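After this come two complexes, each holding chain A, first together with chain B and then together with chain C.
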Partner chain A sequence: MKIALYNALSCGGCDLIFFLEDLPGSFLEDLEIVFWPEVCDHREEVLRNLPEKGLEAALICGAIRTRDQEKRVLLLRNKARRLAAVGSCALYGGIPGLLWEKGEGPRPVTEVVSCEVAVPGCPPEPKTLREALEALLREEDSGGKDRGPVCEECPRTRRPFRIGRLKKWGGEEVLSGDCFLARGIICSGPVTRGGCGAVCPGAGYPCGGCYGPLEDLAGERLLSALASGVLPARADEFLEGLVDPVGTFFRFFLARSPLLRLRKRRDEEDTA
Partner chain B sequence: MKRIQLKPLSRIEGEASLEVLLDEKGRFRDLRLKSDLFRGFERFCVGRPVEEMPFLASRICGICAEAHYLASLKALDQIFDRPPPPEVRRIRRVFFLAGFLRDHLTVLSLFAAPDLVARSPSPEAFGGLKDLGLWEDFLEIRRALKEILELVSGRKLHGGGGVPGGWLKALGPEETTEIKRAVSRVHRGIKRFSDLWQEELFRSLDSRNTSPSLGKKKAFLALSPDFVEGRLCGVLRKRRLSFEDYREAFTETVSGEETPTLTVFQGGHTYVVGPWARFVLWPSPKTPSLRDLHEMILECLKQSENPFSGVLHFLRVYELVLAAERLKEAVADLGPFRPVSDEVSVPARREGVGLVEAPRGLLVHHYEVDARGRLSRVRIFTPTAQNYRALLEDLKEFFEKAEKISEKVLKQAEKIVRAYDPCIPCMLHLLKLDNSGTS
Partner chain C sequence: MKPVLIGFLCEWCAARALENMAHKRLKLPDGFLPLRVRCSGAVEPALLTEALRRGALGVLVGGCPRGHCHYREGNTRAEIRLKVYRKLLAALGLSPDRVRGVWVGSGEGERLHREIWQFWKELTGEDRPL
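Let's turn to the complex of A and B:
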């Protein structure tokens, strides 16, 4: 199987190099790697010289910020029959998408080209990646859209909650085994799509939302869920504790948020 | 002026290209290392709660994530005045060393291997490693490291649990036993791995034309004698120095968006961080297996002030054994762990600095916060950015000596880049100094 791998604007953590020990041996043996700068000595010409759809598949990690990155991704779209966007940056802009709060930032790969397979996560859990690669080989599209929220996979005990003061962390809260939200710690689990196995809440820290929004307006939905749990008499205290609403509610997908489009429109109007 | 581009540079961490400029007669004039990986962490982290920083810092680099995480956490310990108790320090250390080993192992196995095998490697991906018969060992050590990281931090990469002075991932008795078992597997695997590598490296060092040489170095900087808890020390023209503050050791000269911050050693000297600096600054090891290896490398370095670039990979083999030893020591008294850290919401200090010896060398995270604990300034000095000047100087020296810039010469230049083991995502995340305030 002829394949290419490309890291656009990425920390490198979604590269297949990180998953070598998780992949079935047969998978690696069947691959004919045409372009993968991290492990082979091939230059860009190799890609350009390929016939159209000459690759069976290409995997793209990272987001897109420069014209060169965009051109490389368009080239891969042209040369590969099937594309997989791997990781939060490729799908939603990821953590570097927070740069948009300062006025400019990267775009998700999926906004530049269409991708048949989506592999969420920062980074994807090995199981998620394995399933996606299998879908890629079976020529099935896979977006993981049929999943419920992270909460459905979470080992912690769900409880109805009322929030007074927001907490940052605490050993007590972790050991209790209770839902973080019920303990006053913000967790993105309810609005984040599952598939990771709730590894973070299981390990004692709240979900950061790296598998991406379960539905549109996920950040707004989380805010709304929290707001409805706040004790009215302690609303000021709650707001005082909410130091970074953008980073908290849109941590991995600000680059895709409608809020951003509104801001861009406003900025453009201002300039006009 | 003619331009030759190596795009992309192959077998390094992250994407970069090398542009070589030649005059009309084809002689070397200048060179540039270019990359599109600017992500602006030092800018967008400003305004966010400082306790989020280890989570964000980990994402600066997927390759040395654990080093960024720990440096960030150490800065937090200072800001909240929460020195971690010994059991927390031990867990953090296990986390860091497992990441360190994975990094060196990957660099040696996938990036350096094809350059170092004396015979030409098979063209297939991972050919160098498969030719050496190390593929299965490589996967087995990686599996064990992955288990350790998952048990300690919840995930194989970008896991966590770090809070000021504490760690939130609990460890039960069974998990502790599993960690110890996995560490034994790592230790055994690394032993086999390094024995085979040593033979191969000696063979490749004998055939000297396979490895270009590096320039003479005057200054070195590292925490000594430990990756996590050492003191900042340096060597300048064979004189040993120690520093209370990293700012006494080096200063920034050029800082531009999308170019790395260039740093120079006190007095304006070019310096080196990483395995070479650690080797120069750390005391000789006492363990027999390490002592022999140490002496062999010392001998190599003594032979010439311009060591062959392959020697830097040899130093990585040495550090694999060293880090595996230290990991074994760290888990010797590891027991079940219950997180106790209580929340503190107000910073005790407005500033915190965290230093660690990342796989590529000294890593500095320096934060300033406001009264509510929001970041007002973030400065991160990565080892790749600190080594950047030395790398450029070595490349220039190499090209100036070359009579003709042929394909073969370019391949040799790429080996120099690989010897420094640059990490491009780490290097390019910086900002202009005049842009450091809140926006």
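Let's turn to the complex of A and C:
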């Protein structure tokens, strides 16, 4: 089976899991990696010389920033029968997508080409990657859309809460085993799609939202969930503690926010 | 495209203030589209983004005066949410003044009328385009 792997704008963490984890046996049997710039071949001719749909599958990590990256991805779409977008950057823009806060940023792969298989995560949990590769082999489309929020998988104790001052991560709040939100630490669990097994909250770190939005406009929904829980008398304190609203509410999916398109439209009108 | 200002008005105060204004035959801007909601606290930020995304120039959220919410603290929550949402807009380089809260009693039709026109002028005006 011929496959290609490509890494656009990302940290390379998604590539690493291909080495570290036990991938499905049937996937590794009879596997021929034609193109993988980091490890083997990086020449574009290799891809261009292939017949159309000559690749069984291509796995793409990272977001698209340059014209060159876009061309590569379009070429891969043309040559590969099935395309898998791996990691938050490829699916939602991920951390590099935060570049949009102050100007032009990268686009997710899914906005440039259509992908059959989605592997969310930053980086994806081994289990998620394995399931996605198995789906790829079974010729199924997979996006994990049937999952509920991370909170459903979270081992921490839930209880009703009101928020006063926001707290930084660390100390007694982490050790308590209580829901982070109830302790005044921002956690994206309620608006993030599950599937990771809530590993971060389980290990004592609040969810950042790397498995992607549960519904559209997830950033606004997290804002709503938090702001609605604020004690009115301490609203100013809360607002002061919210130093980075964009990074807090849109950490992994800013590149997909409609608010950006709004700004782009305004900028275009300004220049026109 | 014709400029549009969406108004989410709570049915207990702001929407009644609008009726009160209608009795006085006061004229509203052509692009003002009022929507009656159960409570200003029911207007979630995702709705604001949706309205702006679909081309609204501004969004006005009208609720009961402070401390007079029919559901005790709906307007308080709406106000906090608006504050946080405006902070988000500012951080993204958008004008936070495109989203605004107005807290009026059911008899304050004239004040609501004033507020709407003021907002409308700021949105469409030559000197202060938002």
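Criterion: the second predicted complex is superposed on the first by the 261 of 272 C-alpha atoms of A that agree within 3 Å, B and C clash if a C-alpha of one lies under 4 Å from a C-alpha of the other, contacts with A are read in each partner's own complex, and residues count from 1 in each chain.
In this section, contacts are C-beta pairs under 8 Å (C-beta built on N, C-alpha and C of every residue); 3 or more make two chains touch, one makes a residue touch a chain.
Keep in mind that what you see is a predicted model, and the values were worked out from it rather than measured.
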* Could you classify chain B and chain C on chain A, in the superposed arrangement, as clash or fit? => fit
* To do: Once the structures are superposed on A, label A:Glu101 by its partner contacts, choosing first (chain B), second (chain C), both or neither.
  => both
* To do: Have a look and say if chain B or chain C is in touch with more residues of chain A.
  => B
* Please work out whether A:Pro245 is in contact with chain B alone, chain C alone, both, or neither, and reply first, second, both or neither. => second
* Asked: Looking at the overlay, does A:Ser228 come into contact with chain B only (first), chain C only (second), both, or neither?
  -> second
* Which of the two partners, first being chain B and second being chain C, lies in contact with A:Arg266: first, second, both, or neither? -> second
* Using the touch definition from the top, say if A:Leu217 reaches chain B (first), chain C (second), both or neither. => second
* From the overlay on chain A, compute the angle at chain A's CA centre subtended by chain B and chain C, rounding to the nearest 10 degrees. => 130
* Asked: So, A:Asp146: does it touch chain B (first), chain C (second), both, or neither?
  -> neither
* Touching partner for A:Pro258 - first (chain B), second (chain C), both, neither -> second
* Minimum C-alpha separation between chain B and chain C after superposing on chain A, in Å -> 10
* **chain B and chain C contact sites that coincide on chain A, given as residue numbers** => 101-102, 244
* For chain B, which residues count as touching chain A in their complex? -> 6-15, 36-41, 43-44, 47-49, 51-52, 55-56, 59-63, 65, 106, 110-111, 114, 125-126, 138-139, 142-143, 146, 153-161, 163, 166, 168-170, 338-343, 345, 372-374, 423, 425, 439
* In the complex with chain C, residue positions of chain A that touch it -> 101-102, 216-217, 219-221, 223-224, 226-228, 230, 232, 235, 238-239, 242, 244-246, 249, 257-263, 266
* **Contact set on chain C toward chain A in their complex** => 41, 44-46, 48-50, 52-53, 73, 76-77, 79-81, 83-85, 87-89, 91-94
* Spell out the residues on chain A that touch chain B in their complex, using ranges where they run on. => 7-15, 17-18, 20-22, 28, 31, 33, 36-44, 65-66, 68-69, 94-96, 98-99, 101-103, 105-106, 122-123, 125-126, 167-172, 174-175, 199-200, 202-205, 208, 210, 243-244, 247
